[in-house]
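These notes concern the structure reproduced below.
Here the chain labels run A, B, C and D in written order, and each chain numbers its own residues starting at 1.
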Amino acid sequence: MMRAALNVLVILALAGGAYFVSWPAVMADAGSPEVELNAENLGPRPIEELTEKSITRDYGHAWQTMAAALRENRSDLLDGYFTGIAKAILAEEIAEQKRSGVRVRYTDQGHKLEAIFYSPSGDAMQLRDRARLEVEIVDGDKVVHREDVTLNYLVLMTPGADRWLVRDLQTTAAEVRP
Amino acid sequence: MKYFVPLLITAATVVLIAIAWVNSGGMERERMRSSRTSEEAVRLLLTQAQARNWDRAHALLANASDVEKSAFVADLAGSNGSLLTFANLENFDLWPLHKTDREASMRVKLHYSTAVGPLEDVRDLKVQHEGETWRVVWPTTTVARVAPQVIPVNYLRWDIINRGAEDDWGVQNVDSPQVRILSMNALQRPDRIVIVGEVVNEDTVPAYVNVGATLLRPDGSTFAQESSFDKISHTLLPKQVSPYRIDFPEARMNQVKSVRMDVKSLLVAASADPVIEVSDQRLQTDALGKNLLLGQLLNQSGQVVNIPHVVAAYYDDSGKVIWVSDGYVDQALLPQIPVPFAVDLPDDVAPKVHNYHVNVNYFNVNRS
Amino acid sequence: MRLFLASVLIPLALMICAAAAELRAPAQVTAGKSFSLASTGNGKGMLYLTGPGQASKRSVMLGDEIQIRGDEVEHAGRYTAVICDSGNCAATHFFVRAAEPAKVSLLVHPSRVRVGQPNAISGVAFVFDKFRNLVLSPTQVDFKAIPKQGAAVAQTRPTQNGVTWIRLTSATKEGPAKIGASLGKVSELRVVQQVASEACNLRIKPDWNGGKFFAETEPVRDCSGNAVSDGTVVSFTKVDASGKTTVDVPIKRGVARVQMPLKGNAKILVASGVVTGNELSVEGRQ
Amino acid sequence: METTFFRRPIPLAAILLLAVVVHGPLLLMELPLNTSYDANLHVFFASHYAHHWFDPWNEKWFAGFSQTTYPPLAHYWIAIFSYVVGLRMAYMLVQMIAILLLVAGVYRFARLFVSERAASYAALFTVFLGTVAFLVYSAGQLSTLLSASIYLLALPYFYQWSRTAHWRGLVKGVVLILVAASVHHVTLLFGSFLFALPVLWLALADRGERSVFAVLGRAVFFAVLAGIGVGVVLLPYWIAILKHPIEQMPIPHASRSNFLLNINYAINYFFIPYGAMIVAFPAILWLGSANRRLRPLLLGFWVAFLFGLGGTTPIPKWVFGRAFEILTYERFTLSAAVLALPLVGLFAEYLLDRYRSAAVAGLAVCCVLTMGLALGWLAWSPFKTLSSLNVDQVTDFLNRDGHDKYRYLTLGFGNALPKVSTYTTANSVDGEYNSARLLPEMTRYGAAQLTSAKYFGTAGMESLRAMLKHANNYGLKFIFVHEPYYEPMVAFAGWRKVETYDYGSVTVWSKDDVSPARPIQSDAMPAPWEGLLWGTLPLGSSILAILLALLFPDRARVRETVVEFPAPTEEIYAREAR
């Protein structure tokens, strides 16, 4: 009887262990980063109230899913908020990560967005983002590089079925170190 | 004990089965197999029709020799892909109007479950006493037949070449049609908020249109979201106007600060055929005091329209849309054969109606 | 003595180790062009290269020039190169900028426009290099609008952050207009259909044919004289003794025509979209 | 020792082998997945556990529902086997195990009442039992069958503990009850009355010198312990059911009908499940009443029989009240048949003793006819299932080009819906498991699945209409139509036909203004700790039961009952020969 009970305990412990191993993947799905949008100097088309809300929300979600996709090496996560060249480059990066075992981890500390161009027909918007990030380059479990950095991005977003999608996400040279 | 228990169990089982048989309408069913009264005769006929036992049902008619079986079947179960062919007779109510020893008149309300929702059909039937039994005299109708003819069809048709699934951003594309909401009027009804209005396709290509509305609370948050569903003509040819109606059940105006309208349009392949004429339109009050908009539909093309759907907009004297009602027509539209229709409108709206416009939408079995 | 040696040699060794991990990169690199990173130190080390579409590692010899192939830096943006030697790592960053402009993405809207609409057509050009990087340095884009009839209109606009745009007024005559954007040898062309505007002066006339009454519009045109497209719906409404009759008829070969049985005197009205036409009073014939 | 072949008990191993020979090929052909109503549903549930072991929240149906509303053990075992043999074959494997356990369970249960020989006949008849074939190949009620089997195995321990206070009986019995409850709680609930009471009665009858109160006390202790155990093992289930008691409008079910008013229902729910056993009803009555020890069995059979008749007698309505409209009654036919089997075994013993080869031939023909009829009914029945519908193109469509970002609906797919749901990554607003429905568009109407809306008349079509009205809210973009009946509503509501499969047998409709689906918030979502319990305790209880069986095997029985037919006197029917 004791043996049986022990066996059961072992099984339960294994199951519990498996659960808690899978737990971090669930818990790591943190909330959207803080995004501030300034559309004062936007042209030639003025931004609509709903579009402003949507851009702020969707850009935040895009960063959230990008960080998760790079952390977990899951290119399927990119489908939600990326399209075109941005999605292709990120998918390529994830494929490279899988091949080399090197990963880039982003800890997002907020974005200051400035909308700079909104096409007359409302089908493309270009923005400048000043992103505060903690970037880690990890090889296996070893962190080979870690930095806190503020980076400038030039972003091109286009409307999708129910949200704005990031079509191009390019770092530009003006970099400021904290 | 050896005999008592089996006998007791057997007897108890038989008694229980008998009780349940009576409770679940076994007696009534037996009664329905006879037609010793005028009511029983109508019940028997409609029960057979319900079971789609057409031979038996037709044989039960007093004037079976005068009524074509196909016409009788078409009358109760539809033909030519009409709405009744997509329906089941769920149940019926009947009550006598008058009765003598020789004949009686019965009113029946047929409750159909159809592919687009419930449908009720009220009919008055004559019942005759023949020997020991009563029999229903079915109204003699003949199946409408179109005279052989050639109807040239040379209306326009728009076809679309769709873009592929691949992301071809920045290359040539065809924009969605320009559609516009012409009017919007939010009304408080006893049990709901209703938004009525009209939408027009301003473009030169056909548009597939859906109108949606969002009720917003004073704090700007969404209170409810609904769409026009089937109370609109979804396919609009260039410059065509369609009424729409959006219902928000259980909503009250004091809960809402504003309404956000949303019209979505899509470029679709479409044909300008068939053209359906809506003639003899008039507002009328029926015997039960219901306000109705009556008229006839005439299919001017050469193809059958299986399920016509009438959407009517009513205007007040300032030209504002004050109500939109709709109804499905249970007969198919054969070429050149007029088919009557009726849609109702609320009692409090009827006196304010100054004008109205009827739009005909349709479903064809082989083209959707 | 031992203590002294240890206190001198250990920091020295650490400094050597630290020095071994030094890495230098050029400040700007062009996409798709190979270049080299300068490293110091000796022995073997591990180079990590991360950036847009890149997350690789490879063994390198320290102290040598480390070659970075062009295909490793095809995407514009910020790259980080890290070199590690026995647990010590040093990093450097460099920016890859887009190569020469090689492609223009041209967004032209709308694809159909009514005639005579001021600033109704917009064209937006995005300039990319051959690796699909947005070219951020200012570039001149030539826009050209070629109507079906008449002279072409050209305008040159500089890009800002890789984008430039133009607005055009639609012509007064219907027909396709070509809108193009070119950049050196590269050019893109889009077609905008200019279509007739709302019907103008919509009129109907009676027509008795074989004892049947037909209501027919005169050729339906907009205010500029362009024929309204076939298929456009015209609503006929007849009010007579039998009640009201409405028929939605599409325009065919420029006119809309419908047969309407009459019962006594009738009033016939016509409308197309929000435009209403004349009213016709007809006396029924037996 | 009897040497005549006809007078010897059939070894249980041989009967189990026969069960494999009879049912094995049918299961290898995956018959239940193509002919039964519920098999695909169980595969669907199992598929979810295979992918999300500790997360019972399944977003594939009803815009999200909790699988804690259905005991999970059978599904977890399918999930485990699926890692090796795939989902479909894993289902067959668990189904085969259920049949084998039922044979063993009937044998052990019958053994409490009748001789080893009669019990072996009862077990043999189980293989060919119409209700077993009906539940396996027509109803697809894996859980009912498996739970009943395990429950039958638990009953001898309950008898042992109640009668002799043997602690192993208590432990093994309670653990098996937990396992049975983890498979299907409803079977256990009704089984407690229909099976446990006759066994308790028997324990009292066989108590010998022991006190009545001691036997009853032990039985109560067993019940309390089992009740607490079931409460703990299925805790997430109780939480779910307390949070959302079933308040939806009752859904019609044919097993609640009066079979006398519809011959097809009578065939489906009476003649097919009982088969040739109907011929033995007089003998069952006779034997059951003639023998004091068998009377509780007869009474249990009679009660289960009456319940199994659904609306043919008023008893279920009187007993269950409003719950009558929630329950289905075909499961009681299984209970009735199993309760009758010991008596049928006894009757067979009598026939064999008297008619020898003729009896063998007669009984064999009855067995084959009963099972043959049940299998034939799959083809002849007017109640056709759609489980064999080819849904590959539907799942291909949903899994490509980001179509799974939207929710979908099938119309006219019947019980092929779970098959679609199992193999697609997209989610649906419909589902085949009525108890988990919480969306108001479904619970406010007296209709079950939207995919079969037309069969529920106006209620069904109104429910469908309500759902289509809220398509934008649910991200419901794609509708797959297998019956043209639904096309008018779909077309008038704003969907357009976009693709056609199988020469027009299935059409795909799309509504273009629908935004991608977003998660629908629900308070029915189980907490993570509930998922942990759900993923461990039910399976743990079954593993414990297996370990107990392996580590502490039952001692070989030396007991022999001497119930004979016809009985010489009323008093001497059972005697222990130790």
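Structure notes:
Just so it is clear, contacts are C-beta pairs under 8 Å (C-beta built on N, C-alpha and C of every residue); 3 or more make two chains touch, one makes a residue touch a chain.
Please read these numbers as outputs of a predicted model, since none were measured by experiment.
Taken together, chain A and chain D share the touching chains B. Taking the mean of the C-alpha atoms as each chain's centre, chain B and chain C sit 45 Å apart. In whole angstrom, the spacing between the mean C-alpha positions of chain A and chain C is 25.
Centroid to centroid, with C-alpha atoms defining each point, chain C and chain D lie 59 Å apart.
In terms of their C-alpha centroids, the spacing between chain B and chain D amounts to 41 Å.
Taken residue by residue, chain A touches two or more other chains at no position, since every residue touches fewer. Across the assembly, chain B contributes residues 169 that each touch 2 or more other chains. Interchain contacts (touch definition given at top) occur between A-B, A-C, A-D, B-C, B-D. Touching chain D in their complex are the following residues of chain A: 1, 3-4, 7-8, 11-12, 15-16, 18-19, 22-23, 26, 79, 161-163. Those residues of chain D lying in contact with chain B across their complex are 257-258, 260-261, 282, 285-286, 288-290, 295, 298, 302, 305-306, 309, 311-315, 401, 454, 457-458, 460-462, 465, 468-473, 484-489, 491-494, 496-497, 511-513, 570. The part of chain B that touches chain A in the complex is made up of residues 167, 169. Interface of chain C with chain A (complex): residues 28, 46, 48, 50, 52-57, 75-78, 80, 82, 84, 89, 91, 93, 95, 97, 107, 109-110, 122, 124, 126, 132-134, 136, 160-163, 165, 167.
Those residues of chain B that touch chain D in the shared complex are 1-2, 4-6, 9-10, 13, 16-17, 19-21, 23-26, 29, 83, 86, 88, 90, 111, 113-118, 165, 208, 210, 212, 225-230, 232, 234, 264, 266, 268, 306-307, 309, 361, 363, 365, 368.
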